[in-house]
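Input: one structure, supplied below.
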Amino acid sequence: MKEYKIRLEELSFFFGDFQALDQVSLEIRPREIFGLMGPAKSGKSTLLRVLNRMCDLIPEVRVTGRVWLDDEDILSPDCDVVNLRRRVGLVLSKPMPLPRSIRENLVLAPRLAGRERGKMEELVETSLKAAQLWEEVKDRLNDSALKLSGGQQQRLCLARTLAMEPEVILLDEPTSGLDPISTAKIEETLSQLKKHYTIILVSNNTKQIARATDRTAYLLMSRIIEIGDTARIFTIPKDKRTDDYISGRFG
Amino acid sequence: MIPRLHPKVTQAAAKTLLWALTGLTLLILIFIIVNISIKGLPQMTLGFLFQDPQDMGRHGGIFSTIIATIYVTLLAIVLASPLGVGTAIYLTEYTREGWATRIIRFGSECLAGVPSIILGLFGFVLFVMKLGFGWSILSGGLTLAIMVLPIIIRTSEEAIKAVPQEYREVCFSLGLSQWQTITRIVLPSALPGITTGIMLSVGRSLGETAVLLFTAGSALRMPTTLFDSGRTMAVHFYILAREGISMPNAYGTAAILMISILLINLAAYTLMQRLVKRYS
Amino acid sequence: MTISPADSDKILQCPLEGIITLRRLNLYYGDFHALMEVNAAFQQQSITALIGPSGCGKSTLLRTLNRMNDLIPGIRITGEVVIDGQDIYTPGVDLTQLRKKVGMVFQRPNPFPLSIYDNVVYGPRLHGRPGRRELENLLEHSLSSVQLWDEVKDRLQTPALALTEEQQQRLCIARLLAVEPEILLMDEPCSALDPLATLRIEELMRELKKLYTIIIVTHNMQQAARVSDDTGFMYLGDLVEFGDTGQIFTRPRDTRTEDYITGKYG
Amino acid sequence: MDQGKFVERVLFLLALSSISSLVVITVFIFLEGLPLIFQTGLTDFIFSSHWAPTKGHFGIGAMIVSSLLVTLGAMVLGVPLGLACAIVLAEFSSARVRAFLKPTLELLAGIPSVVYGFLGVIWLVPLIRNYLGGPGLSLLAAAVILGIMILPTVISISIDALTAVPDIYRDGSIALGATEWQTVRRVVLPAASSGIITAVILGMGRAVGETMAVIMVAGNAIKLPASILDPVRTLTSNIALELGYAAGRHREALFATGIVLFVIIMILNLSATLITRRR
């Protein structure tokens, strides 16, 4: 069996003159929750957006190095970006349901990806259940998704990603705007999802990384400072800068 | 040296003057609407609307001109909408700001500034003469389409730009292609704005005279094919008024014309406000 | 509204009179209670800093002192703001005279899109019809007061927007000094500037306090500690603590103040 | 070719054909009109006022002058009125008043030009004839009607220019003790000046290009006007009045008139774009 699900080899990333990632190498194992932490502008969101090529949307970017998803080089020009994004789902930091009904939000992508029409109802139910939203919305699937609360909207966004049946889920500070209760619900959901998915969680909340992830990488000024088991990093960090960060001396 | 007035006095004077001028403008507007309505509305009977004009418009109604207006306008909108909306999509979604967008946008602005009489000349020489369509619904519709194109491009572009960028990000991250993103999310969200542009274009088309006089002609018969000449309401009104054929009928035509345009524009405006409110 | 023991405690801490005295000042934006029972006194020829986390009402408080808040619809103010013995919220107060006396420097430098010269003489021209000689004296004097004269005296007709951010902020202060105010309100005047420029503006403030009363809003606690004589700490619309800067930063009386200045939140 | 590329090409073609209509218009007008200008000579065509197409005299000098005078008159009336409305709407009215006034004034844009011309004939022309003298159908009548017709253009572009001025300038001025009016006159208007100039230029473009209303009220006599009460014929009316029956060289002369009009309009549009871009 493969050792990794995603493998980065000396990945560097430039916005015009600014280097957002500098020679980043790391491996993410199948079915783990991998945490990326670091202060603002350390490059963690950029890294996430390379993994499903959302970075293509920004003008004047340059990428060097390689990124393997299983054994496919996703940075190669031959890579089918649309298909890649179906395999690697992304949940943004701001809850962003589309201005449609709850059901429409969930079935839009699978339908366009050509999934069987008869399976849609089942898909809606399983993905909402997986995101622990089913009980709250099952009676109003045709209501506008914009009517949900912030926490519910974010779980809907998660469910929407799950409905695509991706292999990897990327989460970009998914709880940054949410209250503690919603945050706890999302974290609990993630620990359930880990059984089936590879999850990468970006957060600038070190406590959340400590609670929710299996392994962690610490990014500072576009570079990886330290990678390791989360428990180890938070108890005996090897690098002084990691220690400073997790003990809250800056960032 | 003139004694200096206290700033508060100057302010009061300036505000009074500005409000007075604004009031004057409003009065002019009210005068136009009230005058046309008072003299025109009594003419607006079912008979007037649904009878064909007789004796050069001296008697009878204006049914054939209503039909000609609808034909010409419909043709213009059907031709200009896909072109205009497509151009707007290209400008907003497919190109980064650069020389191509700048040229297209500048071209569209220039087109918006071309006076209708020039468009009339152009339609006359190209469609009526060179292509041999004659004075016809087809020539009129084609020329009108060029006239309303810049309106549709501009409003559609604004409407598409108003759709939050995050929606596009969400769609891409869900594995939708760019075209799917545009058709499933961007265009439906921008639809009220695009509709506004189309409605404004209808308004412009209804009131246009100079273009149609030289492209659609002024035959009073009911047009049955695209190649028939047709007299629109605005042209009919112009001829009635200018040649003094029948003042009551002129007023009646003007009232119908004006009220329908105002209603369309008002609806377009309301729709646009709703769009603005939704995304701000 | 009754005064709770905590409130009465607060009143006793601050001096009762100053060039500006606030008594039981309340401010509402619609339903939102933005300032609650604020009592304070600001002393002449000194620098008072207002600190607190964002949204605590410090800028709002500053803007009540020259009635800039009047421009916002749906605002309601109760209580007294006494400047030089006059309550500025009584009817009939001449707003232009008030704002002439109480000048304001904004967060982002906002020179008008006019020449340097026109920016400085803008105020004097509003309030009278000064002669050329008078304007030239004013110009040199106010630009010298902000140490900008030597840098710009040869290019007074160039657009003010061509200056650096720091120079623009100095120009804005010069523009203010040209109308001869007594009180200067500064709303985070250094937030758009780099650290060196910040230090130079602070130097200027210390210079200016010899002649003017200065009230500065800042989110930078070090800045407050460096430049101010008195400090007020605000939290959720409440002026929690007000007093000598040294005391506030070394022996705060309120735990909320202590938590804030030690960085527990903010 | 994959779907994305295909769609992009199609849309590019649509965009291209949208602006190509402008090119085609230009080409056709010039093709039809230029030969006559060359035969007559550009100076004769532009500076002579002798227009007798059946006898082979093609001079449009009087019409150029009339067009410019009518436009100038329209500006004298329309700019102060339009600017006043814009200032009131952008600076001096509450949100509720604005929500009512703005759409109401925009209705002016929807009224067809023939209606303006018609009301001009019914109301304005007799007023001028009875109180000021002359035939009534005159330069003055055309200027007044055009002045009203350009209001929507002037108002809406000026409002955009005024609202684009950042509030920090207004705050800075008010904080120095300026009244609202002082702030508007000394800071906001100068800051918005390029946008307001654009509004005026585009208003001029509308006035120069307007046809139907002018035909109805201007009197259409081909001579240099001696006073504002004289009837005049503008470039646009000349085309509209004669195109219906013109043939041969006469028709070419009308296209040549169109070229002059087109060039004037393009110069105005170009300068408006340049001014906007400089900002």
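Just so it is clear, A, B, C and D label the chains in written order, and each chain counts residues from 1 on its own.
In this text, contacts are C-beta pairs under 8 Å (C-beta built on N, C-alpha and C of every residue); 3 or more make two chains touch, one makes a residue touch a chain.
As the structure is a computational prediction, the values presented were derived from the model and not from experiment.
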Output for shared partners of chain A and chain B reads none
Relative to chain D, which chain's C-alpha centre is the most remote?
A
Report which interface contains more C-beta contacts, comparing C-D against B-C.
C-D
Cα-centroid distance, chain A relative to chain C, in whole angstrom:
45
Roughly how many whole angstrom separate the Cα centroids of chain C and chain D?
49
Rounded to the nearest Å, the gap between Cα centres of chain B and chain C is 52
I'd like the Å distance between the centres of chain A and chain D, where a centre is the mean of that chain's Cα atoms.
56
Residues of chain C engaged with two or more neighbouring chains:
96, 126-127
I need the residues of chain B touching at least two other chains; which ones are they?
7-8, 177
Give the residues of chain D that touch two or more other chains, as numbers and ranges in rising order.
178-179, 182
Should the pattern of chain-chain touching be classed as line, ring, star, complete or other?
other
Complete list of chain pairs which touch one another
A-B, B-C, B-D, C-D
Could you list, by residue number, the parts of chain A that touch chain B in their complex?
52, 54, 57, 59, 82-87, 89-90, 92, 94, 96, 98-99, 108-109, 112-113, 157, 160-161, 164
Using the touch rule from the top, collect the residues of chain C that touch chain B in their complex.
96, 126-129
Chain C contact footprint on chain B (complex, rising order):
1, 4, 7-8
If we count contacts the way the header does, which residues on chain B are in touch with chain D in the complex?
7-8, 10-11, 14-15, 17-19, 21-22, 24-26, 28-29, 32-33, 35-36, 82-84, 86-87, 89-91, 94, 103-104, 106-111, 113-122, 124-126, 146, 149, 153, 177-179, 203, 206-210, 213-214, 234, 237-238, 241-242, 250, 254, 257-258, 261-262, 264-266, 269
Chain B to chain A touching residues, read off their complex:
96, 166-177, 180, 184-185, 189
